[in-house]
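Following: one structure in structure tokens, then a few remarks.
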Amino acid sequence: MKIAVYPGSFDPITFGHIDIIERAVTLFDKVIVTVSQNFEKTPWFTAAERCEMIKDSVSGLANCEVDHFKGLLVDYVSRMHGTAIIRGLRALSDFEFEFKMALMNRSLAEDITTVFMMPHARYTHVSSSLVREVAGLGGDVSMLVPDHVARMLKKKLA
Amino acid sequence: MKIAVYPGSFDPITFGHIDIIERAVTLFDKVIVTVSQNFEKTPWFTAAERCEMIKDSVSGLANCEVDHFKGLLVDYVSRMHGTAIIRGLRALSDFEFEFKMALMNRSLAEDITTVFMMPHARYTHVSSSLVREVAGLGGDVSMLVPDHVARMLKKKLA
Amino acid sequence: MKIAVYPGSFDPITFGHIDIIERAVTLFDKVIVTVSQNFEKTPWFTAAERCEMIKDSVSGLANCEVDHFKGLLVDYVSRMHGTAIIRGLRALSDFEFEFKMALMNRSLAEDITTVFMMPHARYTHVSSSLVREVAGLGGDVSMLVPDHVARMLKKKLA
Amino acid sequence: MKIAVYPGSFDPITFGHIDIIERAVTLFDKVIVTVSQNFEKTPWFTAAERCEMIKDSVSGLANCEVDHFKGLLVDYVSRMHGTAIIRGLRALSDFEFEFKMALMNRSLAEDITTVFMMPHARYTHVSSSLVREVAGLGGDVSMLVPDHVARMLKKKLA
Amino acid sequence: MKIAVYPGSFDPITFGHIDIIERAVTLFDKVIVTVSQNFEKTPWFTAAERCEMIKDSVSGLANCEVDHFKGLLVDYVSRMHGTAIIRGLRALSDFEFEFKMALMNRSLAEDITTVFMMPHARYTHVSSSLVREVAGLGGDVSMLVPDHVARMLKKKLA
Amino acid sequence: MKIAVYPGSFDPITFGHIDIIERAVTLFDKVIVTVSQNFEKTPWFTAAERCEMIKDSVSGLANCEVDHFKGLLVDYVSRMHGTAIIRGLRALSDFEFEFKMALMNRSLAEDITTVFMMPHARYTHVSSSLVREVAGLGGDVSMLVPDHVARMLKKKLA
């Protein structure tokens, strides 16, 4: 069984992430979407809230699991018996950072492969930080995130 | 069975390509390496020669097949019952072109997904055109291609 | 009256170009879409054919004219009493080339300003060369160009 | 009357910004330079100080107004009856961010168009953050900002 | 005597930096590796600790000195009678920032030239921030930094 | 004695190249400007003409020699006892290509180092191909190349 891990902050999950997940589940036998812990930035949503929003977004996908983790990504992927790390590439600036991380992770774990996927053109500009900025300024996020996420954003801002 | 197609000119196959193939076969049940026809550029090697060099390079990989094709890539992938197109990303300039092709192919065939993989850092600068240039100027290509390819290059230049 | 010139090869015009034109006519009093002559590449379509296809695409826009020119762009823009050159930016690789051309044109004619516009996200991957490639391989171009252009491509390939 | 809005932090205004403004006023009937509020970063100068420095820099331009705003940019532009948002592009890194914002703003307000302009080559490296850094280290900023801005920087640092 | 200055945060020094230094000493009569002070970010290591780690890394190089400085880089280089500033370029994102800084420094001191060098391909992904992140997550940094630096990281994290 | 080699097509030499050379001679004891042979493209000017134009441009620089070569660059640099290859970087697109060539040359000759220099901001957009294009369209090239080169261009076009 081929297992792929899709790590990220998902703060919050967007239509761009969901597009990646819906395609990943057609390529791998199991896809684990996992919320990573980032020491530097304080997230808007707790890890529990973020997992909840992901679960609500992928409930229709049989071979998709939701999790969260601490520590080195490659150690987590090994524990999960994963062979692939999935990363989304929307833009050039993603590329540089992702390129370095992929080389780094390969040097740490030669048997785990990073594969990159691109979301649909209509989600090129969609990112969690944009969602937070638009929501924070009182803009409409209904084209960026599912309704249940939009509601969570409103609650958080209230 | 998950089938992935890895298309390219492979004029000739390099260690960078081989690195991608060796990792792809761990992620998919079958990987078809396929030589594409490019109308604009005249290749150094015929499609038959290029297939031969690929076969010699991947002979140890059980779930890897070698083929060539004409016409639209997505039509070929459909005929082969593939769900994934594999593309290597070495550098930023690759990214732009590949990004456009991935969006294009998705608009032509929504059920086929392009996945990108990066070769090892030591192959970042290796490309078929560089191999041809170095070989053409009498340089040593032993760090860029397998021995059997180096011999083919010498023969072609003689 | 503010006049803007939108130069290009338009070989052939695509939905991406049309999107730019439809927005440009809301910003300027007159927009001249002009087919440039390129010494290096032989176009698929003659200048007359390309102008014809553009005219058919913008017939609904009152303040849009179609033309073609030879020689330096800035000389042409001066003759037309234009103050702006419009260029589309779809991707990073466009940016580099366009950046150089804008600086060059400014050094040749200080009173003419290049303004850049981005087509809709759904046209990010659409270019004339892609249209020619897909059409040449027998693919469907109905999402890339208007029907009358698709028919011209078929005729040209027949 | 065609109205364009040029938003930014202008913390402080530089010769690069002024170059953009001086060209924008030749393309549009009215240009509103507007100081945006950024929640994440604390500016060096207050919104009032920044507006004052902009006014002193554009006093010779009849069709240029200076303002500041809170909330979503597209809402502000609509209130001002603007049809264009002007953004400067100095470098590739600008491009990525600006590309996303332009797509985002278009998805929020289809009738407002972002146009990009490039400052003169001699201002390619000039940014407000560079001005602050050089000033903070005691360097000479006379080639980067007008005299009245240089004086404000000295006062702020004293 | 041609003197080159290699400034940086070196927080901490990595194999990538050391690769640059080992090549720079073959090109210039003297190379001064100098720790710069960065107002915005708090470093993990003090300037003294960073100098110590650099000294331990370059002890075998006769024409290499280690120093630290405050204020404008070009002023420091002038005081040291340097004619060149050395900067490493690993990736595209470096390029943009470095390009601006090189133009800026040239405008501040016309007689000082910035030269760029690229580390070996195997260090493309190595940066001080990556070292800190991997060390912070308990990963193995032995392929990224010398042993004495790895020990310092462990001590700092304890 | 530190010898640096500055290879290129120089078809023709521009103010951008000359700016690089004038700075390189302050960093190295001898700089050899050398015209490379490119199999793929037919140059406008013969190697002899290109050398002549370079010589006329650098006649005032005591430690600068002009030459031409065939074959692998690193072999030529070794024969000339050079330790450095100088390359100009004007833009991002240069970077990608130059990055690959630098890695390649390092893998072919570990003891030769590529150093990159940036021309003055006012020459960012200047390239030999732009000079040929502007001259070919009858534009003024006096801001791009020295007078003696402008005369050669006119003669060639006559």
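Things to note:
Think of it as A, B, C, D, E and F in the order they're written, each chain with its own count starting at 1.
Here is the rule we go by: a residue touches a chain if its C-beta (ideal position, glycine included) is under 8 Å from a C-beta of that chain, and two chains touch if they have at least 3 such contacts.
Nothing here was measured: the structure is a model prediction, and the numbers come from that model.
Common neighbours of chain C and chain E, by the contact definition above: A, B, D, F.
Of the chain pairs B-C, C-F or C-D, the one whose interface repeats that of A-B, sharing more than half of its contact pairs by residue number, is C-D.
In summary, the pair chain B and chain C forms a contact in which the copies contribute largely different residue numbers, shared numbers making up under half of all those used.
Comparing the chain pairs D-F and A-D, the larger number of C-beta pairs in contact belongs to A-D.
Averaged C-alpha coordinates give centres for chain B and chain F that are 34 Å from one another. Centres computed as Cα averages put chain A at a distance of 38 Å from chain C.
Annotation for chain E: residues touching 2 or more other chains are 92-93, 96, 99, 103, 107, 121, 124-125. Two chains count as a pair here when they touch; such pairs are A-B, A-C, A-D, A-E, B-C, B-E, B-F, C-D, C-F, D-E, D-F, E-F. Interface residues of chain B, counted against chain E in their complex, comprise 92, 121-122, 124-125. Contacts from chain F toward chain C in the complex involve residues 91-93, 124-125, 127, 130, 134, 136-140, 143. Those residues of chain D whose C-beta lies close enough to touch chain C in the complex are 2, 23, 26-28, 83-84, 89, 92, 95-96, 99, 102-103, 106-107, 111, 113-118, 120-121.
Partner chain C is touched in their complex by these residues of chain B: 39, 71-72, 74-75, 92-93, 96-97, 99-101, 103-104, 107-108.
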